[in-house]
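Structures incoming, each one as structure tokens.
Presented sequentially are two complexes of chain A, the first with chain B as partner and the second with chain C.
Here is the complex of A and B:
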């Protein structure tokens, strides 16, 4: 295979040649590339050279400094220019530009998406139809209803309950698999009937938006708002992904430039961004009560902005500037969208199913030993304090295992009509704010370290209940009837 | 850098351009190497011809086939020469 190497200016080529001779270690890529990146002052590469060729480090530094002193134009620009000219030449060989073909429509659509006057209503429409109607109403409503009621409750569960109870005569043992909290009748049912359709719908929607090139446009529109909370438009991507899965989003927040942004976004993801399963269930819960939905939405946005603003004042560090390429808008390719959705759902499911099963097992152990009852008893006064009935204590404990698990439990309760509108809103808001699930907490430790992760939880835990308490008090005092 | 002294009168920060105006980049005034490097990867370095697409909420410019969104702080560090 023939490699095309770029030819830089003669002096630069000489310097690269001398630099290469000072690089003795093996790098994952060619020494010529290492030398070029050193010249461009790539900090990571400098660090790598320091580690691998430490003995020559000072000499390399001196060579480059000496060279820079004697050139009129910055080496970075000379290299960038050569690279760009070369890529233009390649492009000319393989691409013809037709100035008239469809570019006009593309230009108009592009302008509509980036101009705030049209772009913000458009963004709201995308959010309304894409997330509320598709993920919330269709995914968490229609699909969950069908799979949970028609398939599990009517077809699978009675049959399995009967079968397992007949097979295992000891109720203590059969409870592990079936009945109220069994692995099959609770863990697997929640995973397949509630979480799978919601998360599937979200990832499908996210993949379509991602492949259309729309995400950077949201970043651009939201940059100013995000600057108020110590982030910038770049954080739109992990934040939006958080509405799918906060665990995944916490991992993605590593793409943010400064440590400060990574800490703030991790914190906000843990506190105020509901994951898709949670969101889907909450939207379905509140969908018949527009006032309740509005109260929840306004409350969450207020908390997000207020806590974001305060956090940005408290956490030191420099602000990162915002610059981002806006790729051309394209019609997403169905095969790519489906593949992405599948891969994300696979990742999610591999992660979620064992935890759902583990939660079922832990609840089983807790029930046998009486530990669960004790925990519920301690949680009851707390949920009562925020105006919720005793039974919700269980849900908050479930929520500790997985956010969606708790939300799914809430959904079950709502179906039996135990909660009124105000209680639903308070429960939904507290559960949204409440601790990140076990998986997200694990990811927080992995990405941000023990201290930061624990400190965040130490704040979130009491804060969620305090906020719920306040919300309940305000709703009661103002006598707002939420149905 | 020598272009800077040629006609200093029309060298202005990118933030002062209006939508639709075309200009040529003269210099990027920052000491931050990482920023310089990343902007250069987008083609933002002296000599590049750009056109302003939009000014608010972010500044959007066209450079070759690439459209780039910038916040006003970064845009104010990019000094351009107006093409009359």
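Here is the complex of A and C:
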């Protein structure tokens, strides 16, 4: 038999007793529990009581108001104090703690990670080796090179091109499958040869960091840094998750307490946080040029801080304190890491492949109808304005469709050596800033509503190009050579 | 990745909304339900995966589960519906995800509540156990992540705690596959008695 151990002060108990006698309906909770929630002014429970025991509603209200008038201490506080004290009393009977136990190493490492002086260099080290070296150089460099060049470009594409072109004599039809923008030669190639190895490496690294418990410490560290420049720290929490998937992070932003934090967080995710696929490909793009990489990174951080600072000034509302459960640091379990990486890759690939194929089909339709050409023609002046060659216009159109598709296109183009270092940085920065992918945009609408989501996009599009323009001008003006 | 998982649960959520009117009728003959309740990052999802054989993403980051997942736990000839919920700190919700969990308790009235806590932080989490008992749920308390608690020198007398609360109290280290059989056994025993 279960024992209810919660006994409140005598006055409260008397009141609960009277309240219970006015609750006649069947609630999911015991009437006693409903009564305590009414006392704690839980609006949803009040609503529930209104619906189910409407006839007694006014009387219940009156009893509680009367009681509150006569007590100096908040009832809410009294109730939660009783709950805390009771719990403490029980634990005194059943729990012992040996203060001397616990790993000293874990405590030291913990401190190192969240103290800004040691934490920031440590974070940079993790970023450099974990992401730049592993994802960028190994995943995006070595692996993509191998799959794209050795397998697709040399083995699959020429053969398939020849085969399909021979099979289907009409170039219009065969273009759907092969040649420059075909489903197989573009859509599937991008998905398998470029995005998959990059994203796979990224997910592996991300899973390790996630399971080790380092991720929340990064949030904590960022909070400390951001507070110094007046930024709202709490909104940073879902952002570290955004590097995995912005769509998921947008959804997680609902765990934030105030509407203000949710809006700021959603906005920054859409604008300044590249998702894993995008980040991976950008790492790949810039991996041969450390200076270019540094410029991109500094630029993104500056934009993030500036916009974060401005939004927190512009959007009114209460600032919330930072509170986050810090889970312990632990050794990641290999089986869990592998399984998680696999599941993420599987879901990602399942989502991305049809979309990439669809993109190929859309381009094909656009080519036949001439619409693609028209769109490209309109985009050309814009990309020229930010210092990029005509050919990149296509990439930005891809990017509208999906972040990673645009990034993959850029990567493809870079392999053929069309772009110089400055152009690469400008293109990568602009692509990072602009458009959330379709899935993220849908999630923004779902979580924040049409108006907010559209308003954010209305800002992001012109802003991304303006920022790209500025970056290009600065680089040209200072004559910075990025190789 | 996760975003796609969500699509599935979004669809099922919409379905739930449209069915809400008859939901109550159906529930009465339907299989019994177990809800997994607890603070963020105490291992609810690991236990959910192990009970149902499903896979929801598990991570060492509080708040990874923001939507409800459902799965089926089969033993012998019986089937139970298992519900994984977003983290909840107290019966009085503050954030949206806590609200999701409490509404689930209100609307679905689980036959059994598995309150999962991080044994290291039992002093912060036990008050919710007391509230769940007060609210009249049939509760099983799982002291999870026991391995780390022990490493910190924390010893908990389960038998005594069980006596005081009048509910089954189990130790587990779910991520290391420890204590899961006991959880299963206890669920099977308890669900028999559930009204």
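By definition in this document, the second predicted complex is superposed on the first by the 366 of 483 C-alpha atoms of A that agree within 3 Å, B and C clash if a C-alpha of one lies under 4 Å from a C-alpha of the other, contacts with A are read in each partner's own complex, and residues count from 1 in each chain.
Here is the rule we go by: contacts are C-beta pairs under 8 Å (C-beta built on N, C-alpha and C of every residue); 3 or more make two chains touch, one makes a residue touch a chain.
Quick caveat: nothing in here was measured; it's all calculated off a predicted structure.
Peer 1: Contacts for A:216 in the overlay, against chain B (first) and chain C (second): which applies, first, second, both or neither?
Peer 2: A:216: touches chain B and chain C.
Peer 1: Where does A:86 make contact in the superposed view: on chain B (first), on chain C (second), on both, or on neither?
Peer 2: A:86 contacts chain C only, not chain B.
Peer 1: Look at A:384 in the shared chain and tell me whether it touches chain B only, chain C only, both, or neither; answer first, second, both or neither.
Peer 2: Neither partner.
Peer 1: For A:149, decide between first (touching chain B), second (touching chain C), both and neither.
Peer 2: neither
Peer 1: Mind telling me which of the two, chain B or chain C, contacts the most residues of chain A?
Peer 2: C
Peer 1: A:247 contacts which: chain B (first), chain C (second), both, neither?
Peer 2: second
Peer 1: Let me test your reading of the model: by the given contact rule, A:71 touches which partner, first (chain B), second (chain C), both or neither?
Peer 2: neither
Peer 1: First (chain B), second (chain C), both or neither: which does A:43 touch?
Peer 2: Touch partner of A:43: chain B, not chain C.
Peer 1: Would you check which partner chain A:114 touches, where first means chain B only, second means chain C only, and both and neither mean what they say?
Peer 2: first
Peer 1: Based on the superposed arrangement, let me know which partner A:33 touches: chain B (first), chain C (second), both, or neither?
Peer 2: Second partner only, chain C.
Peer 1: For chain A, which residues belong to both interfaces, chain B and chain C?
Peer 2: Residues 40, 42, 80, 84, 88, 216, 324-325, 327-328 of chain A touch both chain B and chain C.
Peer 1: Along chain A, where are the residues that touch chain C in the complex?
Peer 2: Against chain C, chain A makes touches at 1-6, 27-30, 32-33, 36-37, 40, 42, 44, 48, 80, 83-84, 86-88, 90-91, 93-103, 203, 207, 210-213, 215-216, 237, 241, 244-245, 247-248, 251-252, 254-257, 324-325, 327-328, 330, 332-333, 336, 339-340, 343-345, 347-348, 350-351, 439, 443.
Peer 1: Which residues of chain C touch chain A in their complex?
Peer 2: 1-6, 39-41, 55, 57-64, 66-67, 86, 90-97, 99, 102-103, 105-107, 109, 120, 122-123, 126-127, 129-131, 133-136, 138-139, 148, 151-158, 160-161, 164-167, 175
Peer 1: Tell me, which parts of chain A touch chain B in their complex?
Peer 2: Its residues touching chain B are 40-43, 72-74, 76-77, 80-81, 84, 88, 110-111, 114-116, 216, 219-221, 223-224, 227, 232-233, 321-328.
Peer 1: Name, in rising order, each residue of chain B that touches chain A in their complex.
Peer 2: 1-2, 33-43, 45-47, 53-54, 56-58, 60, 64, 66-71, 73-74
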